[in-house]
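Next come two complexes, and both contain subunit A; in the first it sits with subunit B, in the second with subunit C.
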Partner chain A sequence: MFKQTGAISMMNLRSLPQRAGMSLATVLSIALVVAVLLGFLAMADGFQKTVDGTGSEDVAVILRGGSQAELNSVLSADQFRVLETAPGVATDARGDPLISGELYIAVDGIKRDLGTEANLPMRGVGEQAPHLRGQFDLVAGRMFQPGTNEIIVGEAVLRAFVGFELGETIRIGSNEWQVVGLFSTGGTVFESEVWADIGVVQNLYQRGSALQSIRVRLTSADAISDLEAFAEADPRLNELDILNEREFFAGQSRTLNTIIRLVGWPLSIVMAIGAFAGAWNTMYSSVDARMREIATLRAIGFSGGAAAMGTLIEALILSALGGLLGAAAVYLLFNGASASTLGSGFTQVVFSFSVTGGSVMAGMIMAIIIGFLGGLVPAIRSASVPLLTVHRSD
Partner chain B sequence: MNDLTLIRKNLFRKKLRAILLTLSILIAFLIFGVLGSFNRVLNAGVELAAADRLITMNNTGFTQSLPYAYWGRVQGVEGVRNASHMSWFGGYYQEPTQVVQAFAVDPETFLAAYPEFLIPDDQRQAFIDQRNCLLIGETLARQYDWSVGDRVPLLSNIWQKTDGTSSWDFEVCAIYAPSMEEMSTAAAYMQYDYYNEALSFNQDRVGMIVLNTVDPAVNDRVANEIDAMFENSPAQTDTSTEAAFSQAFINQIGNIGLILIYVVGAAFGIILLIVGTSLILAISERTKEIAVMKTLGFPAPRIFRMVLIESVMLSLVGGLAGIGLAALLLKGLATALAGTLPGLAVTGGIFGIALAMMIGFGIITGIAPALNAHRVRIVEALGKQ
Partner chain C sequence: MDTLYELTDLSKRYARGKETITIFEELTMTIPQGDFIAIMGPSGSGKTTLLNMLGGIDRPSSGSVVCEGVRVDRLSEGKLAQWRSQHVGFIFQFYNLMPTLTAAQNVELPLLLTKLSGKQRKERVATALDIVGLADRKGHRPRQLSGGQQQRVAIARAIVADPKVLLCDEPTGDLDRVSADEILETLQLLNKELGKTIVMVTHDPSAAKYAQRELHLDKGRFIEQVQESV
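Entry: the complex of A and B
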C-alpha cells in the first residue's frame, strides 16, 4: 500500500507540469490567503511586542488618582519633593534618588507615510529619566543641556516622522527645537517619544511647576508596597495612583490587539473558503485529466486507496507550497516594516511588523487544511474510477 | 434554442465546477462589500463634514487648549457667520471603562453650528436655559437606558472640581436624533459655564473653536486671517476645514485605506487565478464542440461573444450573491455597531462599483478562453485524436 501510494504520488507530481496553469493558480491563491492572515498577525504581534516590552517591574509610575493615562494626570512640585525622600526609592552612586518628574504633551508631527499631521508625544524629563528606562542608549549625538531648546529623539520617531534628523532645527507649535541626540530604548514605546528638559517644557507650555507623572526606580519590585504605605499615610500623597510600570503598559496593547485579530482571522478564514473552492476545482480537474491513467493503474493491480492517497498527497503538497510561499512573501516584504498607530495616550506608537514562528505555524496549518479539504472529495472520486474507463475514447 | 439558453446550459454543464467557481467569486465580492462599507462609514466624518464649518485648534496639537477670549475675537473676523467652542470632558459613567464621549459647549452657538442635530423645540430650549442640562444622543440614551428627566452623574478622568471631586451632576433634558444615517449619536453635551465654574485648574480655556462661514468660498481667507491674528501670541492656532480635521484624525489610526486595498486586492487576485485558469480549461475541453458549431455555420465572432457572455454571467451570479450576502451580514452587524459605526450598509454607490467590477472581472477572465474559442480551426480540432 505504501509503495503503491508512493509510486502514484511521484507519478502525479511528475505530471504536474502538464496541469501547470491550474496547479500554479492553487498554489498562488493559497499563498495569498496565508499572506493576508500573516500580515494581520504580524501587525498584532509587532504592536504587542513594542508595548508589552515597555515598562519594568522595579519602576513605579505615579499618577493623579483616577486619571488612567499620563495625559490626564496632574501632579504638583510639592508631591515630587515629598516622593524624593520616600522609602523604597533607589539611589544612584552619588546618593541622589532615582526619580523623574515628567510632563507629557501631544504635539503635531508630520508622518512620513501619509504626509499628514499626527500626534507625537513630547516628554519633558528630569536628568534621571535615562536611568529609569532599562535599555536607554544614546545612539548618536549627546544629551540635551538643561534649560535650552534642545531635544533628543527616539529612533522610532526618526523612522515615522519627517524632520527629526540629528542637527536639524524643528518647529513645533510656536517653538523651535534643536535635535542634538538620538536614543534607543530597545524597541519599547519610549522610542516613539521626543525628550526635552522638564523646566523648558513647563515654561513653554505654561504649566508652572506642574508635572503629569513621576517615575521612580524601586530598590526592588516588592518595595512598591513600602511606597504605597508611605503615600497612604501622607495627606499630600494619598490621592495618588502608584502603579507597577510593567502592568501600566501591559493593559494598553490589549484592545488594539484584539481588534486586529478579530478582523484578521475571520477575513482570512472567509478567503480560505474561496481558496478551498479553487483547490477542490483543481484537484477535480487533475483527477479528470488522469481518468484513464488511474483506471489503467487499477487494472494492473493498484488499489483504490493508493489512488486516493496519491491525489490527496498532491493536494497537500500544492497547499504546503502555497503556505510556504505566502509566509516567505510576508516575511520578506513586511517583517520589520515600520508602522504607527494611535496609542492609549492619544499619541502615535511606532512599531515594527513582526512575523513570529507561531503565526507562521498558524498559516501553514490553515494552508494544509485548505489542501486537505479541497483534495478530499476528488481523492474519493479517484478511488472509485470504474476500470472500464481504460477504454474511454477521449 | 437561442444563444442565451446555450450559454446557460454550457455554464452549468459541469455542475460542481460551476458551483465551486461561483462560491469563490461570491467570497471575493462578500469581502469587497463588507470592507467597502466599513471604509465608507469610517470616513463618514469626512463626507458628513459641512462645507462651511472650520475648526480652530491650538497648533501644538489638539490636546492643547486655547484661551476662552479667542472665541470672542474670532467672531469679529469678516465672513464668520457663527462661532462656537467645544472642550473635551474625558467623561465616564460610574466605571472608568464606561466611557462617555462628552463635550462642554456653548449651547446656543453650538446648536446653530450643528443643524444636523434633531431635537424637539422644548428640549432645545431646555438645553440653552437649564444650567445642569445634559444633551445626549439616541444611541447613548439606549446604551444606559437614560431618558429625559433622569439625573446622571458624569465623572471626568481629566478635570477636577474645586471641591476635590471629579463628578458633575446632570439632568438629562434633551435627546438628539440623527438627520443622516451615518451620523453618530453616542455623544453627550453640557453647558460650558456649568463645567468651567467648578474647575480647579485650566479654567477659562476651550478645547477648540468651531466656526461657520458665510460661504465655503471664503474658508481659506477666514482660516488664514484667524491664524495670522494669533501668530504672535503664546497659543498659536491652526484652522482647517472640518473635513480636513476628520481626515487627519482617521489618518492617526493608520493607513487603513492601504490595508483595505491590500486585502481586497488579495481576494480578487485569488479568484482571478482560480476562475481564469478554470475557464481556459473548460473551453479547451469543448474544442471539438466548438469546431462542430463552426462547421454548422456559427461565425467565429458569435462564438467569441457567447464565451465572453458565459464568463460575465458566471461573474454576475457569484458577485450578486456575494454582495447580497454582504448586505445581509451588515444588516445584522448594523444594530450591534450602531454606537461606534452608525449607518453600516451596502449603499447604492458600493453596489454600483461592485456591479462594474463584476462585469469587468467577467470580461478579464473570459477574454483568453473566448480568443481561444475564436481561433479554433475546424480541421485541426476535428482531426484531433
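Entry: the complex of A and C
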C-alpha cells in the first residue's frame, strides 16, 4: 500500500506543472488565510507580551473608585499626603516613601511612518516614579529637573514619533519641551510615554493640584492588604480602588486582546471557507484531468485506497506549502515590526508583532484542515473512478 | 493445449433509461493457453466489452468467466485488483502511459504491487524494455517518444509482471502502418516465444492476420475463421 500510495503521490506531484495555475492559486489562497490569521495572532501576542511585561506584584496602583482607567480618575493632593504615611508603603534609603502621584494626559505627536497626528501619553510624575518601574533605565541623557519644561521619553516613543531626539525642543500643544533623557523600561507600555515633572504638567494643563493615579511600592506583594485596610478605615480614602499593578494592566489589555482575537479568528475562518472551496475545486480538477491515468492504474491492480491517498496527499502537500508560505511571509514582514494601538487611555501603546510557535502551529493546523477537507471528496472520487475510463481517448 | 479461460452463457446488458441494451446473450467460448485471438466485428458488437470481462474490469450481467479455475466475475473488488495484477497485462489503443513518468518508471508500475526488491524490479524492467527493443529509451518520458515507441513501452509494462494473458484493445489503432506492423510482430513474438496468450480486439483485417485465429463477433455470436498466421 505504501509503495502504491508513494508511486501515485509522486505522479500527482510531478504532474502539478500541468495544473500550475490552479495549484498556485490554491497555495496562495491558503497562504493568505494563514497570513491573516497569523497577523492577528502576532498582533494579539505582541500586545499581550508588552502588557504582560508591564507592572509588578509589589506596586499598587490607586485610582478613584470605579474609574477603571487613569484618564477617568481624579485624586487629590490630600489623599496623596495621607497615603505617604500608609502602612505597607516601602521607603528608599533616605527613609522617604516610594510613592508617585501621577497625571496622565493625551497629547498629539506626529507618527514617523504615516506623518499623521496620533495620541501620545504624557505622564506627569514625581521624582520617585523611576523607582516604581522595575526595569527603568535611563539609557541616554539625564532625568528632568523638577519645575522645568524638560521631558524624558520612552524608547518606543522615539521609534514611533518624530521630534523626540535627545536635545531637541519639541512643541506639544502650546508648550515647548526640551528632551533631556531617553529611557527604557524593558519593553513595557511605559516606554510609549513621555514623562515630565508632575508640578509642571499640573500647571501647564491647569489641573491645579489634582492627580489621576498614585503608585506606591509595597514592602511586599502581600502588603497590599494592609494598604487596603488602611484606606477603608480612613474616610478620606474609602472611595479608592487599590490594585496590584500587574492585575491592573492585565485587566486593561484583556479587552483589546479579546477584540483582536475575536476579529482575527472569524475573519480567518471565513477566508478559510473560501480557500477550502478553492482547494476542493483544484483537487477535483486534478482528479478529472487524470481520470484515465487513475483508471489505468486501477486496471493494472492498484487499489482505490492508494488512488484516494495519493489525491489526499497532494491536497495536504499543497495546503502545507500554502501554510508555510503564509507563515514565512508574516514572519519576515511583521515579526518584531513595531506597531501601535490605542491603549486603555485612548493613547498609543507601541508594541511589536510577535509571531510565536503556538500561532504558527495554529496556522499550519488550519492549512492542513483546509487541505484535508478540500481533498477529501476528490480523493473519494478518485477511488471510485470507473475502470472503463481506461478506454477514454483524451 | 490447456484451457485458460472458460466463458459460459455470458450475457451483458446495459440499462439506458427505460430501455435495456443487450450487448451479447449467452455467449460461450473457451480460450486455450498460448492462443492468439483477434476479435473483430462492427462497432458496438461488444468486442471491447468482452475484453473488459476477460480482464476483470467489467462484470457480466449473467454467466461466468472462469480463468484457471477462478470465478473471476465473483471476486470482490480488492481480490479482483490483485488478480488483475498477477494474471493480466493490458495494452490500450492510446497507450495509457503516465505522462510524468519515464519509460522505465512506467514499466515498473505493475512491479510496485509485488514483493520484489528495488534491484529485482530494475532488472525486470530492463529485461522487459530489452524485449520490446527500447532499452536505450528507458529515461525518456512518453512525450519524447513516437506513438509506436509509446505502445512498445505499454507492451513492456504489460509483460513485466509476467502475466499469462495479454489483452489488447485496438493496439495499432492509433499508429501508422510501419509502427503497427512492428507492434504486431512484437505481439506475435511474445505469443510464440514466451507463450503468452493474447486476445486482441481490432478493426483492422491486416492486424488480425497476425493472430492464430480470428473471431468475428456479430449480433452477439461468434463466427470463427481459422487462418494461417502471417
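Keep this in mind: the second predicted complex is superposed on the first by the 392 of 394 C-alpha atoms of A that agree within 3 Å, B and C clash if a C-alpha of one lies under 4 Å from a C-alpha of the other, contacts with A are read in each partner's own complex, and residues count from 1 in each chain.
One rule holds for everything that comes next: a residue touches a chain if its C-beta (ideal position, glycine included) is under 8 Å from a C-beta of that chain, and two chains touch if they have at least 3 such contacts.
All figures in this text were calculated on a predicted structure; none of them were measured in a lab.
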item	value
Which superposed partner A:354 touches (first subunit B, second subunit C, both, neither)	neither
First (subunit B), second (subunit C), both or neither touched by A:48	neither
Subunit B versus subunit C as contact partner of A:108, first or second or both or neither	first
Subunit B versus subunit C as contact partner of A:22, first or second or both or neither	first
First (subunit B), second (subunit C), both or neither touched by A:281	first
Subunit B versus subunit C as contact partner of A:303, first or second or both or neither	second
Touched subunit A residues, subunit B compared with subunit C	B
Which of subunit B and subunit C A:67 touches, first, second, both or neither	first
Which superposed partner A:205 touches (first subunit B, second subunit C, both, neither)	first
First (subunit B), second (subunit C), both or neither touched by A:192	neither
Subunit C-contacting residues of subunit A that also contact subunit B	393
Residue numbers on subunit C that touch subunit A, as the complex places them	48, 52, 55, 57-58, 77-78, 81-82, 84-86, 90, 92-94, 96, 98-101, 109-110, 112-113, 157, 169
Residues of subunit A touching subunit B in the complex	21-22, 24-26, 28-29, 32-33, 35-36, 39, 66-69, 71-72, 74, 105-108, 111, 113-114, 116-120, 172-174, 205-206, 267, 270-271, 273-275, 277-278, 280-282, 284-285, 339-342, 346, 348, 393-394
Contact footprint of subunit C on subunit A as seen in their complex	3-4, 7, 11, 14-15, 18, 292-293, 296-304, 387-388, 390-391, 393
Of all residues in subunit B, those that touch subunit A in their complex	16-17, 20-21, 23-24, 27-28, 30-31, 58-64, 90, 96, 155, 157-158, 160, 166, 201, 234-236, 238, 247-248, 251-255, 262-263, 266-267, 269-271, 273-274, 276-278, 280-281, 385
